[in-house]
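Next come two complexes, and both contain chain A; in the first it sits with chain B, in the second with chain C.
Now for the complex of A and B:
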């Protein structure tokens, strides 16, 4: 039903997510969060989504960790020697409820790799797979969709990143990142 | 970056009560590791950006990977000296160049009489592929520049500089 490697990775991801939530030391929580991102990235690769996996590894495990580390430089460790944060029953209940509601939708998802999924049967997918190389001369159909067929979206995404940087500069009231 | 320069990084060490939490720790191990790893990560980032046309990857992933090199250098040699080395003005200019490249690729084809991003109208053999690679490169420049900029911006806030020397009324003109 589920292979050994995915099972181990899923266990790692869940353990790291729980550790991130309950660890008292912020530095330890950030390290657990980085490990969580790395585990998710490996799961993406297992699910045949290397593009998403690369993004998750670079952004989630790499850059976000460094940004978090910078952010906690101004914090101090809460007093006490406890390793774990004491759990708030209300928050725990809400979290369990949300996970339960989300998990109840899992049954509606098609099995991994199924040929019956709407995406695999869609005419749009067939069109891209059949025509991407002839029309765009690139072998990666994902890139063909992102940079050619739906290039307008991608240009907007790139400009949104630019706008985020400009927004930061406006908030800081500066002209350069310093 | 030489060893001498790395000494400048001491300036951004912040005393937050716990010495092990200061922003910069001068460690020969980290410096040596970053020196060895950085060129490979940089090359890999450029590879992801360019080769995204034929394998997994693209401008966003490659850009973040390239910016990771700057982040590594900053962790190893100090944020302050790395920022001076990169030069913040150059960073902003670079991002502007990236946006211009992306807009040029999109609207340039319209100017040549084609549709938006219709690479075929450019009279260069195989331009569709080169055009897509250039488009991805522009995205990569934007993403790497902005991620590096966010890092420097956060670091400046974390080391407590900047805000103190600014009059709060300065911001009124912006809004």
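Now for the complex of A and C:
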């Protein structure tokens, strides 16, 4: 059963996402999206994922917002005085279809927070929780898995960030620093 | 499945509201990507879609009454599963890289064509 605080936060997050969708001015949409990221960072904390919450607040609400703001500073905002975007029937149809098909699977999913979910019962989960401290001497199991058990995965992530940086410089034609 | 049907839709929503939220966010994200003519807003839509999937993962790891997975010798459980958290940490960073490259391409498109509206862009490109 969902509590009052998580329910309010979830409602706020969905409302912010809707505001992002309908606002025509890109600057307004970016501000609504930053509020959305902050709300979802708080949801991560309520779901006992403080590491994800920290990263989301710093990277999702912080860096991503700055990137969006830099982009509209270098380009244009949409012309015209309309506050809201006009409704697109094709997009609405696709969105309703996606939500409808996914919602039909809701009954087959385990209740959120139940101790009998496949994730909570998994041997992998038990192994990490029981052995992470002895094997890595790191108290935070998330850090232990990220840097030790799945270290190669994290190195791959670093390669992606490096490739993105190189790609960005090439796209913007700034690969030579004078 | 039978007790799920007996419980009714209200109970179904109350116990699985995070999953319902995921589905709504995926729908909103897909709508923005398809419907918005502005390229920057399409990237915002992509980000919403992405966080919808994150919500699914983190909600699936959650166990009511459990603590965040700080294990140590004196810690007493139950703990939530650390693995989905790790996967999503990686996904957040990869998502930002993706956003950065997409926005770089958008700046380049604006410098070349002077517009960010997808329909205008299509007209300009067919005229070339």
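The criterion applied here is as follows: the second predicted complex is superposed on the first by the 160 of 178 C-alpha atoms of A that agree within 3 Å, B and C clash if a C-alpha of one lies under 4 Å from a C-alpha of the other, contacts with A are read in each partner's own complex, and residues count from 1 in each chain.
Rule of thumb we're sticking to: contacts are C-beta pairs under 8 Å (C-beta built on N, C-alpha and C of every residue); 3 or more make two chains touch, one makes a residue touch a chain.
Since the model is a prediction, treat every value here as computed from it, not as a measurement.
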Practice problem: Classify the contacts of A:109 with the two partner chains as first (chain B alone), second (chain C alone), both, or neither. | Solution: second
Quiz item: Is A:95 in contact with chain B, with chain C, with both, or with neither (first, second, both, neither)?
Solution: second
Exercise. Name the contact category of A:59: first (chain B only), second (chain C only), both, or neither.
Key: both
Practice problem: State whether A:172 touches chain B only (first), chain C only (second), both chains, or neither. | Solution: both
Practice problem: Would you sort A:8 into first (chain B), second (chain C), both or neither based on which partner it touches? | Solution: neither
Quiz item: Taking the superposition as given, does A:151 touch the first partner, chain B, the second, chain C, both, or neither?
Solution: first
Exercise. Between chain B and chain C, point out the one touching more chain A residues.
Key: C
Practice problem: Return first, second, both or neither, reflecting whether A:33 touches chain B, chain C, both chains, or no partner chain. | Solution: second
Quiz item: Touch check for A:44: first (chain B), second (chain C), both, or neither?
Solution: second
Exercise. Pick one for A:159: touches chain B only (first), chain C only (second), both, or neither.
Key: first
Self-check item: Set intersection of chain A contacts, chain C complex versus chain B complex
Solution: 50-51, 55, 59, 63, 67, 70-72, 74-76, 139-140, 142, 144, 146, 154, 157, 161, 164-165, 168, 172-173
Quiz prompt | Residue ranges of chain A in contact with chain C within the complex | solution = 1-2, 6-7, 10, 13-14, 17-18, 20-21, 26, 29-30, 33, 36-37, 40, 43-44, 47-52, 55-56, 59-60, 63-64, 67-68, 70-72, 74-76, 78, 85, 87-88, 90-92, 94-96, 98-99, 102-103, 106-109, 111-115, 117, 119-120, 122, 124-125, 128-129, 132-133, 139-142, 144-146, 150, 153-154, 157, 160-161, 163-165, 167-168, 171-173
Quiz item: Within the complex, which stretch of chain A touches chain B?
Solution: 27, 50-51, 53-55, 58-59, 62-63, 66-67, 70-77, 135-140, 142-144, 146-148, 151-152, 154-155, 157-159, 161-162, 164-165, 168-170, 172-178
Quiz item: Touching chain A in the complex: which residues of chain B?
Solution: 14, 16-18, 21-23, 48, 52-61, 64-65, 67-68, 71, 75, 83, 88-89, 91-92, 95, 98-99, 102-103, 106, 116-117, 119, 126, 128-129, 132, 135-136, 138-139, 142-143, 145-156, 158-160, 162, 166, 170-171, 174
Quiz item: Of all residues in chain C, which touch chain A in the complex?
Solution: 1, 4-5, 12-32, 34-38, 40-41, 43-45, 47-48, 51, 54-55, 58-64, 66-73, 75, 77-86, 88-90, 92-94, 96-101, 103-108, 110, 115-117
